[in-house]
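Below is one structure, written out as structure tokens; comments come after it.
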Amino acid sequence: MIKSETKIRVRYGETDQMGYAYYGVYAQYYEVGRVEAMRLLGFSYKDVEERGIIMPVVDYTISYKKPAFYDDEITIVTTLKEIPTGVKIVFDYECYNSKNELLNIGKVTLVCINKNTNKMCKLPQWFIDAMHAFF
Amino acid sequence: MIKSETKIRVRYGETDQMGYAYYGVYAQYYEVGRVEAMRLLGFSYKDVEERGIIMPVVDYTISYKKPAFYDDEITIVTTLKEIPTGVKIVFDYECYNSKNELLNIGKVTLVCINKNTNKMCKLPQWFIDAMHAFF
Amino acid sequence: MIKSETKIRVRYGETDQMGYAYYGVYAQYYEVGRVEAMRLLGFSYKDVEERGIIMPVVDYTISYKKPAFYDDEITIVTTLKEIPTGVKIVFDYECYNSKNELLNIGKVTLVCINKNTNKMCKLPQWFIDAMHAFF
Amino acid sequence: MIKSETKIRVRYGETDQMGYAYYGVYAQYYEVGRVEAMRLLGFSYKDVEERGIIMPVVDYTISYKKPAFYDDEITIVTTLKEIPTGVKIVFDYECYNSKNELLNIGKVTLVCINKNTNKMCKLPQWFIDAMHAFF
């Protein structure tokens, strides 16, 4: 299992007039979470793209339990539970505030696409190999 | 059933370096869709808040089939399938590009909160009444 | 002179906890304004990029007089006062609410870059020619 | 003089199809910069609002020299050059990439508004007092 924790402070521009962090901003927070999870593997998502793979999101679900507020430092816990065997990779998320209250849980599924052919492809072997140290 | 169609043009700032409309931007597009669906009822979400109710999102799911690109004019089809009987209201979504290709489908569940008490409450009767004309 | 008026409705996700349209969102609104101004010329900014030119912003100034609020329909007035003679193009902006109150004024300067060489270049002749009808 | 340095990593959702950090995102980066500058004074902007003052932006200018790219760690240098004597406060900005190249410079002017009266007011004395240690 690969697990990473990323701290993010809610920006003013990310709040809405309800005074909550806007529900749409978690897509970015989750993205930051999985990028940091990948960095544990020894490479960045930037490297992935430079090696000819893009990984767009195909499924995204999130359940909101409590809001985050302006200037809150929240923790995104990103978990990769299984080594992918096909074209998809699944990240699970939990988000907590500084009182350790669960704010939301979610799941994001990405798919590998070969930039040259613009077709889906298996997760590359070097990516898989890097994951083995954690499982 | 209440069904509304909203056209939105993808802004440059909403694309990412993959050249796609960023996966996180659909939360805003869907929000615009349900606001326009409410307007069919004879009031705006702004009115709802002014009458003392806020409606934060509690669940959001989206499945992406195809990307939208910069300057595409996309159509958000927002559907309210049932008159809510409790504290929640569910909107179903389909998003199409100008070639009528399905880009993504989704669902957003909102909950009613009384601004004064900060507690969940049933959807107000005037809101329900406005919906009856459509069912 | 080329002048275009674009109406934009303030989205919920674009407000902040002050209840104002966030000061940073006008960069997007102004972008939409100049894209619509270009469309008057018979092509889109998308076409410009497909013809091998990108036009990043090099200067941006904005003075805020009054805020816009959620669900306000605002008007972006974009003006091109002069036909460019070099590598830069300047757009002037005024933004009004539906009561015709001036909300902000601004100016955005873009520069032409040849995508192949990644170097600055003059505004292409077909772009200039399209402008002559308006001056 | 008060000077603060804040590191921010460019998120994927903040890039555009040009591959640059979108020109509009610096409004948020600069906001983070001045919030961190205020924190040096012993309070947060959140505290300011809780004490009954809001500080909307009235002027914003930025000149872009070079783009930032996805995953770049950039440094926002925020400077407060003078203790304000009236209703306004001015922050100067420089933004650098990790090679220490200057990406952009800017200036943001905020104004103090009393939340109760919704009128402009002088910067409160406790705010001024906190600044004296730095000048």
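Going by the order they are written in, the chains are A, B, C and D; count residues from 1 in each one.
One rule holds for everything that comes next: a residue touches a chain if its C-beta (ideal position, glycine included) is under 8 Å from a C-beta of that chain, and two chains touch if they have at least 3 such contacts.
As the structure is a prediction and not an experimental result, all values here were calculated from the model.
Undergrad: Chain D and chain A are one sequence twice: same or different residues at the contact, by the over-half rule?
TA: Mostly the same residues.
Undergrad: Using C-alpha centres only, name the chain that sits farthest from chain D.
TA: Between chain D and every other chain, the largest centroid distance is to B.
Undergrad: Quick one: report the Å distance separating chain A from chain D, using the average Cα coordinate of each chain.
TA: 28
Undergrad: Between chain A and chain B, what's the gap in Å when you average each chain's C-alpha atoms?
TA: Inter-chain centre distance comes to 24 Å.
Undergrad: Averaging only over C-alpha atoms, locate the centres of chain A and chain C and give their separation in whole Å.
TA: Distance between chain centres: 33 Å.
Undergrad: Which positions in chain C are in touch with at least two other chains?
TA: 12-13, 17-18, 22, 24-25, 27-28, 31, 70
Undergrad: What residues of chain A sit close enough to touch chain C in their complex?
TA: Residue positions touching the partner: 12-13, 15-19, 22, 24-25, 70.
Undergrad: Any idea which chain A residues touch chain B in the complex?
TA: Residue positions touching the partner: 17-18, 20, 22-25, 27-28, 31, 49, 54, 56-64, 67.
Undergrad: Could you list, by residue number, the parts of chain D that touch chain A in their complex?
TA: 9, 11-14, 27-28, 31-32, 35, 44-46, 70-71
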